[in-house]
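What follows is a pair of complexes built around subunit A, which joins subunit B in one and subunit C in the other.
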Partner chain A sequence: MATEVARWSGLIKRIRLVCRNCSEEYESRLLYACPKCLGALEVKYEVSGMSKSTFESRKRSIWRYFELLPIEDPSNVVDIGSGNTPLVKADRLGEELGIRELYIKNDTLNPTFSFKDRPASVAVSKAKEFRLVAVGCASTGNLASATAAHATKAGLPCYVFMPSDVERNKILQVTQYGAEVVLVNGTYDDVNRLAHVSCDLYDVGIVNVNLRPYYVEGSKTMMLEIVEQLGWRAPEHVIVPMASGALLCALHKGLKEIEELGMVKGSTRMSGAQPEGCSPIVDAFKKGLDYVIPVERPTTLVKSLAIGMPGDGAFALKTVRQSGGVCESVSDGEALYAASLLAKTEGIFAEPGGAITVAVLKKLLEDGKVDRSEEVVCCVTGAGFKATEHISQQDVRTKLISPKIEMLNTIFAR
Partner chain B sequence: MATEVARWSGLIKRIRLVCRNCSEEYESRLLYACPKCLGALEVKYEVSGMSKSTFESRKRSIWRYFELLPIEDPSNVVDIGSGNTPLVKADRLGEELGIRELYIKNDTLNPTFSFKDRPASVAVSKAKEFRLVAVGCASTGNLASATAAHATKAGLPCYVFMPSDVERNKILQVTQYGAEVVLVNGTYDDVNRLAHVSCDLYDVGIVNVNLRPYYVEGSKTMMLEIVEQLGWRAPEHVIVPMASGALLCALHKGLKEIEELGMVKGSTRMSGAQPEGCSPIVDAFKKGLDYVIPVERPTTLVKSLAIGMPGDGAFALKTVRQSGGVCESVSDGEALYAASLLAKTEGIFAEPGGAITVAVLKKLLEDGKVDRSEEVVCCVTGAGFKATEHISQQDVRTKLISPKIEMLNTIFAR
Partner chain C sequence: MARVRLIMTSTLAMYLNSERELHMEASSVRKLLDQLSERFGDAFKHRVLDENGNPKSFVVIYINGKNIQFAEGLDTKLNDGDEVLILPAIGGGTSKIALIIV
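Then we have the complex of A and B:
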């Protein structure tokens, strides 16, 4: 059932699809639901002859982890430099929050300024490998630009679907890459349904629908980088924003894979963050449910996390519980405050959906659910420019002066 | 005259200041003009015991080149992950322009989304080393955020001076880091004069005035990275945006330094790009002058390059000529077109001041001043989000639909 695949630097890998529900295995192909039970599929790898230095010796992008990514022929890789983002020791923010070992994984520094470049890079590469003639996505805003940028690099037409109330700058950005931008007068879940129909009716690879098993593999590179940046050590605790829940699951999968390869030891608590106006996974966690009750109308301004029907919700719940983590939500105000705090202590300008992990950490510390001596990595997933309408005029304080020397007294003499 | 400095990994370096005009040498201290002749000072290094692998083994930021940066005590380093940006092989854009070997150094992926994080990181570190109590800068917009972000990480108050007509998003961004933002009702040259007076009258380190010799050292890391990313090989031709001209000079200085260390061979043509509405260096180049005639009122919308009185203009001219490069200017329309082309071919969203190198390359190819078989690196220095007012409504084309399946025909059936 396995396809023998790429030989790169003399290494061999085999990939196949496995049903997360019934464990049936399939050859790698354009398939996203198990034909037997309709369960979600995920990619499994058989790799050999690989060491940490294999990865370390390669160029700095997500593609240094080629053997753990589901592309068979390296010539199909679409690489615009995604990944390779800084892991910043956040001593100033840590002091502010009262925690000793805090890191920020600054994924605002991806080519289109969000972590979505990781999965988009893999999905568009796979679309090329499957010889698809067009790609697209359902997006809350960030995936749109990530898909469009990689599609244009691959020379493929791109169709992106977003809710019409998405932030203005996200719309502006995606149009620059030359994509066909479709704004849907509805929620993200409406958008997602249209995208599902699109790949059933038209010959298009929707990166987070029919390419989804491949797509999510890209996200796990965030964890591979964190571990490598810590000197091949698993962090004690990672806090991740949750929309569909896929990112959290992917990070955990990545960690397990390199653990199985003997590259890292130890376990990591995985915790998830959502905004109160759309927190179906957190609600299920707190109620002790192992399934998620959809939120019909998200009411948060944290648009990038406004997915009422999270596709990977149940898996995220399971992962969080098994790892000893927690799920927590915060108000929009707390997310905005965290974004401001992150900029003012660490010089990192993030959108509220990215900084929400900092807000959740603050709450967990206050509630005693994270110990002040615990080592925590907060994943910050999108840049502040993407959501500038949430920055209040009060925060944009400036002083206007005429170009005269005596005016300097009004600046420095206070 | 030399100060013995940092021992890091058992290596030794000595740094001193040398007058670019009369060659007099000084100990490293807070000095930016030669006390004898008022010439500009630059940092010279004496290093030993270093190899390529010394650099390669270190973490990924500009600080991997510690021995070639003017900080004595590593504990003074203020690092938020600046540098380590992708060098993208730009085959799609290259095909469009008709050139075989084209690379984009994508410096939009710095912590505050412009290359200015490189010099700001070094200057704020040096301010810490000099025990200064506050920092600031004169800025056309990008340096403001870079200085503010590094200052807040260092725990230092920050005063930034910008012309009041700078792009709105640049103002918004810098306020987020908690800096004191002073908008000056005048040109950049007015702003620069105020900044000069500030460090004479007040106890503040203005990164591009009294810290300037140290500041410019940060910029050269862009060239060190390009060379390392090419496998320790000097590129044939690099095109750089010019405002003060300092970036171009710094890249050339970096190349010479690693050449002297025997890490790289061969020469690189250095070319400079300016907008027609403010092109004093280009004008001097074309007239065969070895000095620059200031532009009193810049009339370009490429604000980040609107410096009428370029401090390093004469040095940039000399560097370009000695290296066999050229200086060229383009219209605002050509710069905007290049930004659009870069997004639509390579998925890189740059501001016009960053994409101007692509516009100049296009012109040089058309004029036969660059050969189509020449290897060229275009430095792209700032992100598109920084200057969104230049994106015309015509370029933000979207389609609004209701969430109904039959609407898909209007999308895909064209």
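Then we have the complex of A and C:
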């Protein structure tokens, strides 16, 4: 049964939850697993009266796509300015890699410096709509700050669970938003299990567990923006970092939705990037499997992608294959090099987990899996300040001088 | 035969008309699932097991916090005092059509 949920600007929107496994439909409510078969649920919309101008007439943020987001009452929206990040034509980086049409979707420029602000904004808004008294998350680092920042804006207590070995700056950052920060001596999958049990035992909305069907909807706004920034045109190829695989699936869902609305045509290859030390989705892709064999102990410096048991792994595999894309992994060294190259050519300082898409593009070009005339968008999802441990002292090059004019000669003289 | 504590989500417990925590005796995960199938019938089997009687790909079983996929799977032996946790995996599955224009 559908619930009529929103009338905004004369438009009607209805939201339902649909089981990905058995297709059973449910009213929108706090539910993440199908009561009938325990399958994952996702949001389905019924909309009317939509056009491109509906979106274009609104302020630039993820919330300009309100009809495609699962919030019923606009007064529940918790907005700290997520989204509206630049799509940069990366000519210098493209020249370096040998590709003509390269774009960077620079999601380092979100309020807490990662793409996670998009799903966190939606999930915390939904928590407010459900009248939940607290929120939280299981995080490899970036979601922690995104959830905490939106929670504090909403006036909700926030509990974040992270592996104890996440980057120091990610821990520092999240503590500044006033969240209860719980570090777990274990892997992300241990963290996820505890968060899962938390929302079962306590009245808390864990954004990526019991609010997950709503949470993932926020991520798709990255694709909606890319399409709109290209003049309502689907990009030829998008490369996405994969941890759980949810981002890649969300981008694809967003594209399909605006195709259904007749706002865009054309197919987009979706490709996924993982670090070699935790690449269960890539491994399954290369072995031709339609399921993912989990990794018990990730061994990568790219901690934001260190999810050994990717919840949306099988779905991401299917999405990549159906779109004609590829899954590829790179070494930590290649990811670090890509982060450096991105900074030195385009002025975008990204963490290795964000820049990994550039590293994978480089590899795919070298292997001939991407044509040098293809238009490619690399999604760069997190800022470099979040993960500085990997920057070696040799890379921190400075000159120390005494404050004397003659010293300038040592700098500028060739 | 080991005496173990079984924990399931409150949603699953509700649909099984069961307590969230159960004390059971079984020598392996497979034997434990057999007992649960017998006790709760289709209400359990349809939610947790696939057509071959194995846990569905989106259901995860932990013994003392360790995913049985990283142990011996269904043949993982149980010991006295073990805590067995059954959780639906978050995410998973394949998407159906997600938008209808009315």
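Here is the rule we use: the second predicted complex is superposed on the first by the 414 of 414 C-alpha atoms of A that agree within 3 Å, B and C clash if a C-alpha of one lies under 4 Å from a C-alpha of the other, contacts with A are read in each partner's own complex, and residues count from 1 in each chain.
In this text, a residue touches a chain if its C-beta (ideal position, glycine included) is under 8 Å from a C-beta of that chain, and two chains touch if they have at least 3 such contacts.
Since the model is a prediction, treat every value here as computed from it, not as a measurement.
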Examine A:Asn169 and indicate which partner it touches, taking first as subunit B and second as subunit C; both and neither are also allowed.
first
In the superposed arrangement, which partner chain does A:Arg193 touch: subunit B (first), subunit C (second), both, or neither?
both
Touched subunit A residues, subunit B compared with subunit C:
B
So in the superposed three-chain picture, is A:Gly333 touching just subunit B, just subunit C, both, or none of them (first/second/both/neither)?
neither
Would you sort A:Gly98 into first (subunit B), second (subunit C), both or neither based on which partner it touches?
neither
Touching both subunit B and subunit C, residues of subunit A
186, 190, 193, 197, 201
Subunit B to subunit A touching residues, read off their complex:
59-61, 79-81, 84-86, 88, 92, 106, 109-113, 145, 148-150, 152-153, 155, 159, 164, 169, 171-173, 175-178, 180-186, 190-191, 193-194, 197-198, 201-202, 204, 229, 340, 343-349, 383-386, 388, 391, 395-403, 405, 407-408, 411-412
Complex contacts: residues of subunit C adjacent to subunit A:
7, 9-12, 15, 46-48, 56-60, 62, 65, 67, 69-70, 85, 87-102
For the subunit A and subunit C complex, residues of the former touching the latter:
12, 14, 18-21, 23, 31-33, 35-40, 42-48, 50, 68, 186, 189-190, 192-193, 196-197, 200-201, 208-209, 212, 244-246, 249, 253, 256-257, 260-261, 291, 293-294, 296, 309-315, 318-319
